[in-house]
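Take a look at the structures below.
Both of the next two complexes hold chain A, though its partner changes from chain B to chain C.
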Partner chain A sequence: MGFTRRDLLTFTGGSAAGLLLTPVPWSLLRDTAVLSENWPGVPQPSHGEIRTRYTTCMLCPAGCGVRARCVGDRPVSLAGVPGHPASRGVLCPTGLVGHHLAFCRDRAAEPLANGKPVAIERALAAVSAAIAACGPRDSVAILDPRPGRAASLVYRRFLAGLPKAVHCAPSDSQPYGPFGIDLENTRAILSFGAPVLDGWLSPGRVLANRSHLQLIQVEPAYSRTASLADLWVPVLPGGQETFPAAVARALKGEDADASATEVARILLRNKPAIAIGGGAAVAKLNAVLASVGRPGGFLPRRDFTLATDIAAVPDGSIRVLLIEEAAGANPLPWDLLRRKLVPQNPVVVALTPWLDGCAQHADYVIPAPMYLESLDEAPTPAGSTVASFSLSPALLTAPPKLTQPAEFVLRLAHDSATYPEILKQRVAAIEKDRRGALFTYADGKSKRVRDIASAGDLWKAMLGGAVWLDDPLLSPRGADPLVCAGPPGPALPTPQYPLILIPADTPPQHGSPLMSKLYRESGLRRSANAATVHPETGRDHALTDGCRAVVKSPTGAFPVQVIFDPAVMPGVIEMAGQGLSPASIRRA
Partner chain B sequence: MTAFHNHRGQILFLAGLLAALAAGWCAFPVLRFERVPQPVEFSHKIHADKAGAKCEDCHSLREDGTFAGIPALDKCSGCHAQPMGTSAQEKRFIDAYVTPNREIPWQAYARQPENVYFSHAYHLKLAHLDCRQCHGAQGESDTLGPVRVERISGYSGSPHFQNMEACEDCHRQRGAANSCLACHK
Partner chain C sequence: MIACAVENNVPPARPEATPRTGITWMRVYQISNGAPFPENRAAFIPILCQQCGKDTPCAAVCPQEAVEVDPATGIVDQMPQRCLGCRYCMAACPYHARYFNWWDPQWPPGMEKTLNPDVATRMRGVVEKCNFCHGRLHAARARAAAEGRRELHPGEYVPACVEACPAAAIVFGDLDDPASEVARLARDGQSFRILERLGTAPKIYYRTTRPWVRSGATNPCGAGNFARGPLRGRLSGGPSGSGQKEPAHA
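Our next item is the complex of A and B:
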C-alpha cells in the first residue's frame, strides 16, 4: 500500500500541530512585523558623533541664542543658551522646533515667474528691466521685515542709486522706535492689549523679570496675557483710547473712574512703571509716568535705522515691489500691499522661503534659504536697551536654487560683494568702534571688544555663537516721549466700518510638520482666516454660522469663514493676525 | 504490519509532529540568522592581558555623557601603526585599515530599532552596573564571534547582548522605570 493523499494530509496536520509548539510562527510574525522598518527608502535618522553647535534664532526679532544638539552634521534638538542676554536660556515653542521648518511642504524650492520655473538669471534680467522701465512717478520699493540689518544696508545702497525709491517696513517692525525697555528695572507694566506674556519682546527676558513686575492688562478680550496678568481691566473695544487719559488724570490726583483710580494706585505703588500698547494717549501717559529716558522706563539706543512705514507709502506709487519675507513671520495682508502698487502692470518680487503668503500674488518668486540653512544675522531685538548684533550660522545644508534676498539685491545692483562679505564688514565696523562686549554662547562669558585682537578673531568668535552688546548711552534723559508711542491705537467705529476688529490667538503661520499635532492643539481648531462674531452680531449682518464672508478694514479686505461664538463681545470681530481697527463684514 | 495498518494515521501524524518539532527547535534557530563575520579578528583577552586595557579605555563615555561606542581607527593606530607581534591577522589589519587610514566597518552586535533609546551613561553612572552584567565575559573573549543578523528583519540578535526581556527583568528587580515609554519613544 503506497503513500496516499490521506497519509499526506495526516502528516501535514501533524507537522502543522508541531510547528505551533516551536518558535517558528512567533519568530516569523515578529520578524515580518519589523521588516518594514528596514526597507529601502524608509528614512533613517543619521548616525554620528553627538556635538553641540551654537547659532541665533531668526524666526522673530527677539534674536534668542540657540544651542543645537547635532548628530553628525544634523541638528536634532534645539534649546536656549543659558545666560544669553536676550533669551536667558529660553526658547519659545516655535524656536524649539525651528530645525523642522526646512521640511515644511509649503516652501519655495526654485525661482518662479508667474508660477512657472525660471532660471535665476532670467528672473534677474526681468526684474532689472522692470526697474529700468520705471517712469518718473513710479517708485521701486523694498519691503524689509527687519530694518537695521546689514541686509537693510544693502537695500538702502541699492535704492539710493535709483531715481525714486523707498525702503519700507511693516508698521509693527519697529514698535518702540529708537527706544528699548529697561525691563530689568521696571516694577509695573500697564499694557494696552500688548501680548506681554505671549511672545512680546524676548520671551525669556520677560519671564526672567516677571516675578518683580506688576502686570496690568487693559484689553477687551480675556487673552492669555490677560489671564496671567496681576490685574485684567476689561474695556470695550476702543476703550484703549480713553482709558489711558483716565489713568493719567488719576495719577495727577484728578477725578477718574474706579478702574482707572485702582490702576493709578498700583502704578504709583510700583515705580518705575511704563505703559505700552501704542497710541498717542499711551505716549502721553508715559510722559505723566516720567518713564522715558529714565532707568526702568524707555531708554534710547544707538543703532536705530529709520524705514518708511509701508502704510505711509502713497497708494498707487510703487511700480516694482520687492518683498522680503522672514522665515517665521506672518505675511502682510495682500490688500494693503496691492493698494500701494501702480494700477497698470506692477511687478512684485517675493524673496521668500514660502510658497504661500505674498508669493501667491508675486510675479517672481525667488526662493530664500530657510532658517538654519544659510549664514544670516540677528539685529537688535525690539525692546532692547542697547544695540546688539549676532550671526546665525547655518546648521542645515540648503537645497540648490536658493538665493539670499540680500544676494539677489546685490546682483540687481551689479555689486560683486557677497552677503557674507557684507556681514564681515559689519563685524569689522564693530571691532573698529571697540565699544561693548561679546557674550560667547559656549562658555557663557563676556569679553570686552577692545580685548579682542582683530576683526578676524571677532568674526570667528561670532561664527561659533556669540552676541555683541553695545554699551548703553550715557545720558538717556531728554528723549522725546512721543516717539515711543508704539503702534497707533484703534480708530473708533464709523458708519462705513461699524464693528471693531480685535486680534485673536494667532495659530503659527508655518509650524513644524511634526510638532503641529502636539503644540497648542486648541490653536489649530480655528484656521487663520476664521472670523469669530457673537451670534447676534452675525444675524444683524445677515451671516450664518460657518458661512463665507469678507471682512473689510482700513488696511484691506480679508476673505474669512464666520464662526458664531456667544463668548465674543457683540459688535466685535475676533480674527487672528489682525491689529485693533474698525471693520465691516458682509456675506461673500 | 497489522498494527502499523491499524495505527497508520496516528503514526504519520506523530511523525509529522516530531519532524516539525525538530525543524522548529533545531534547524529554524540556525536558519533564521545569517552569520556575518567581523572584518577584523580582535582579542579582548590579549588587549586586557598584554596591554592592560580596561573596557572604558576603548568603549568610553564622552564628556557630555553619551557613549562613544566602538572606538575609531585612531585608537587602534596609536599602537598598531607598525605590527606589534608576528600574527598574520595583525599584518592584514594594518595593511587593510591602518596604512590606508580606513575606518573599520565593524558589525554591530546589538543594532536597535530607531524607536529604542538606550543610554549607557544612565546604566553606568546612575545604576552603577558593571559591563559584565549585560555583556557577560565578552571582555575576556579571544575572538569576536560572527554577528547574527535576522534574515527577514535585518536586525542583529546576538546572544552576547541583552534582549528586551532581560531589560524588563532587571528593571523590575531594581524598581526602575519599566513602562514602554521608558525605552521606546
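Our next item is the complex of A and C:
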C-alpha cells in the first residue's frame, strides 16, 4: 500500500483543520499583538529621575502657582500648588497642558520681515529707523497685554524718551481699574454676562468662595456659568444695559419688573453684594449697592499702572506699533488696530510666540519665547485686592533665535540691561519696601518680607517658586469711583438682519493639542461653525436641524451647520467666536 | 478630561477623529431637562468606566481575558497586551465607556518627550478605558511598601481627575470602609447609580438634588432627559447627575 497524492492532501487538510482546534493559532495571534505593542510606530515615554519643580502660570492674568512633575529636566505634567493664595491649588484645563504649547506647529521660530527670515539685528535697525523717521504728528505705540509688569516699566521708559508715544493696553486688560474684588467676604454676585464659573479672575479663588456666594447670572444665553448659577435671568441681547438700572430702581424701593425685583430681594438678603460685567450702568448699580471701597466689595490696591485703552487712541495716529502678544491670549482684533495706524506706510512689529494673529499683519515678527521657555514674571492677578508679584522660571529649553519682548525694547532703547536684571530690580524694590509676605510653593508657608535677609535671598526664593503678596491698604474708603469697561452696545434687528447673533463659547485660539478632548473628541463644546437656534426660529427661516446654512452679519458671512435647540432664546443665533451683532440666516 | 489624557498618555485627536472615534476615558456630557427656553436647565455629567462589580459585562464577553476585576480594589482593569481588538467589550458596556484605538498614538514632534513615564502607550487595534489611574495606585503601593506598610492611607492615592477637578466635585475613596466620606455620601439620599437596574453593581455614585436629573438615570429612555445640542442622541445609556459628586471604590 503506497502513499498517494490523495493521502498527502487529506493529511495536510486534516492537519490544518485540526490545528485550528488547538490553542496554537490563538496563541500566535496574541503573541503578534504583544510583539506589535512595542513596534517603533508607537512612541514610548522616556525615563529618568523624577523631580518636582515650581513655577507660575503665565497663560492668563490669574497667575496660578504651578507644580511640575519633571523627568530629568522636562515637565511631564503640571498641577496646582495647594494653598496658593490666588489659585488655591487649582489649574484650569489650559494651564494643565501649558507645557505642550512649545510643541504647537504654528509658533514663530525666527525673526521675519514681511514674511521672510531676517537677522534680529537688521530687524532692530529697521524698526529704529522707522521710529526715527516719525513725523511730529506720528506716534509710536506699544500695545502691552498686561500693564503693571516690570516689562511695562521698560516700555514706559523707552516711550518716555520719544517725542510722541503712547503706552496702550487692550480694552479688557484692566476691567476694574485700580480695584480688586473682595470675593472672600462677598455674599452675592450679580453678573451681567461675565463667565464667573468659566475662567473669570482666578478660577481657583472663585470656586473656593462659591459655597458662600449667591450667584445671579444675567445673560441671554444659557451659558455654563448660567447653568451652575443660583439664578439665571434671561434677558434680550443688549438687555444687560437696561436691567442694571431696573435692579437699581428695585433696590431703592421704586417700581421695577418682577425679575428685577426678585434679583434686588436676593441682593438685599445677601449683603455685601457686587455687580460685575462692565458698563456705566453696572458701575452705577455698584454705587447703589455701596460696594466700592468696602469689605465684600471692590477694594483698591497699590500697584495699579494706568495704560491708555487702545480703543481711546485717536484713529490714524500711530506710525510705529509694537504689539506684544501673550502666549495664551486670543489674538487682538486687527480691524481695531488697523484703524489706529496712519494710512501711509505704518510699521507694525509683532513681538509674539505665534505665527497667526497679529503676526499675519505685521511687517516684522520677532519670535518670543513660549510659556515655560524663559524666565518671566506674573504681575498682580485680575481681581486681586492686594498687589502681588511672582517669577515664572523656565522649565523648558528655548530654541535659538527667540527674543523676549522686553529685551527687544531694551535693545531699541540702547539700554545694556537685560530682562532678568530688570526683574531683579523689581525684586530688590519689594525687599526694600519690606511690606507684605512671601508664600513659597514647596512648603506652602508664608514669611514676612522684613524677615528675609537680603534681596538676593528673596530673588533666590522666588526662583524656586514663590509669590509675594502686598499688605492690604489700611483705609480703603475714599477710593476713586469705580469705572467698568463697557460692553458692546445693544444690537437691534433690522429688516436686512432680522435676528441677533450672540457669542457662544469660543474655542481658544492657542492651546495644547490635547484640548481636542474638549472641542472635537467629546463634543462637549461646540465647534466654531455650529450655529444654534430655537426650532421655531429655524422653521421661520426654512431651516432644518443639521442643515447647512449661511449666517450674514455686518462683519461678513459664515458657512455654518444649524443645530436646533429649544434652550436657545427665540430670535437669536448662538455662535462661537462671534460678537454681538444683528444677523440673518438662510439655508445654503 | 485633559488631566486624564495627560496622566494616561492618551494622544490628541487625529485629523480624521470624531466624537465617536476619539479617545476620552472620562467624557463630560451636558444634559438638559428638555424644557424650552426659558425653563430649560442643564447639568454636566462625567461618564467614565463605572467599574461594575457584579457580572461585569466587559469581562464576561472578553475572549482573551484582557479584562480583569481586581478583587482587592474592585477596579476593572484592561490589559492592552492581551487585547485582540474584537470590541465585544465595547458592545457589552452599557455606559459606552470603552474606546478603541483606530490609529497608532501620535503626538506632535517633540511632545512625546512629555509623556508620563509611568504609563505605557497603547497601539492601534486595542481597547482602552478608565482604570482609576492604575499607575498612581502602583506608585502609592510602592511608597507604602518602602515605608513598611501594606495599607494605603486615605487620600494617598487619587486619580488625576480627582486631583485636577477645580470644583472638588469628585470624591474618591474606599466604599468598603463605612467611615470613609465616599461611603457616607453613597449612603445618603442624594446619591444614585446610573442604570442600577441592570444589576452590574457600578461603583460610581452620582449626587443631585434635582429630580429630573435623577429620573434620567432610572428611566433612561423617558422624557426629561436630553443631551443638548451636538450631544443629542449620544447617550443611549441614560445619563444623569448634577451635583457631580462621584464616590468611587478604591
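Just so it is clear, the second predicted complex is superposed on the first by the 446 of 588 C-alpha atoms of A that agree within 3 Å, B and C clash if a C-alpha of one lies under 4 Å from a C-alpha of the other, contacts with A are read in each partner's own complex, and residues count from 1 in each chain.
The definition used in the following text is that a contact is a pair of C-beta atoms (placed from the backbone, for glycine too) under 8 Å apart; a residue touches a chain by one contact, two chains touch by 3 or more.
Quantities reported herein were computed from a predicted structural model and do not represent experimental measurements.
Asks: On chain A, which partner's contacts cover more residues, chain B's or chain C's?
Replies: C
Asks: After superposition on the shared chain, which partner residues are touched by A:Tyr222: those of chain B (first), chain C (second), both, or neither?
Replies: Touch status of A:Tyr222: second partner only.
Asks: Once the structures are superposed on A, label A:Gln44 by its partner contacts, choosing first (chain B), second (chain C), both or neither.
Replies: In the superposed model, A:Gln44 contacts both chain B and chain C.
Asks: Quick one: is A:Cys64 in contact with chain B, with chain C, with both, or with neither? Answer first, second, both or neither.
Replies: Touch status of A:Cys64: no partner.
Asks: Would you sort A:Val347 into first (chain B), second (chain C), both or neither based on which partner it touches?
Replies: neither
Asks: Of the two partner chains, chain B (first) and chain C (second), which one does A:Thr532 touch, if any: first, second, both, or neither?
Replies: second
Asks: Between chain B (first) and chain C (second), which, if any, makes contact with A:Ser15: first, second, both or neither?
Replies: Once the two structures are laid over each other on A, A:Ser15 reaches chain B alone.
Asks: So in the superposed three-chain picture, is A:Leu190 touching just chain B, just chain C, both, or none of them (first/second/both/neither)?
Replies: Once the two structures are laid over each other on A, A:Leu190 reaches no partner at all.
Asks: Please work out whether A:Val427 is in contact with chain B alone, chain C alone, both, or neither, and reply first, second, both or neither.
Replies: After superposition on chain A, A:Val427 lies in contact with neither partner.
Asks: Intersection of chain A residues contacting chain B with those contacting chain C?
Replies: After superposing on chain A, chain A residues 30, 34, 37, 44-45, 50 contact both chain B and chain C.
Asks: What does chain A use to touch chain B in their complex?
Replies: Per the touch definition, chain A meets chain B at residues 1, 6-7, 10-19, 21-24, 27-28, 30-32, 34-35, 37-38, 44-45, 50, 52.
Asks: If you look only at chain C, which of its residues touch chain A in the complex?
Replies: It comes out as residues 1-3, 5-7, 9-10, 12-13, 17-19, 22-24, 27-30, 32, 34-38, 40-44, 64, 80-85, 104-123, 125-126, 163-164, 166-168, 228-231, 234.
Asks: Which residues of chain A touch chain C in their complex?
Replies: So the residues of chain A touching chain C come out as 29-30, 33-34, 36-37, 39, 41-48, 50, 71, 74-77, 79, 90-93, 96-97, 99-100, 102-105, 203-204, 207, 210, 222, 224, 227, 232, 234, 512-518, 520-524, 526-527, 530, 532, 534, 563, 565-570.
Asks: Please name which positions on chain B make contact with chain A in the complex.
Replies: 5, 8-9, 12-21, 23-25, 28-29, 32, 62, 64, 66, 113-114, 150-155
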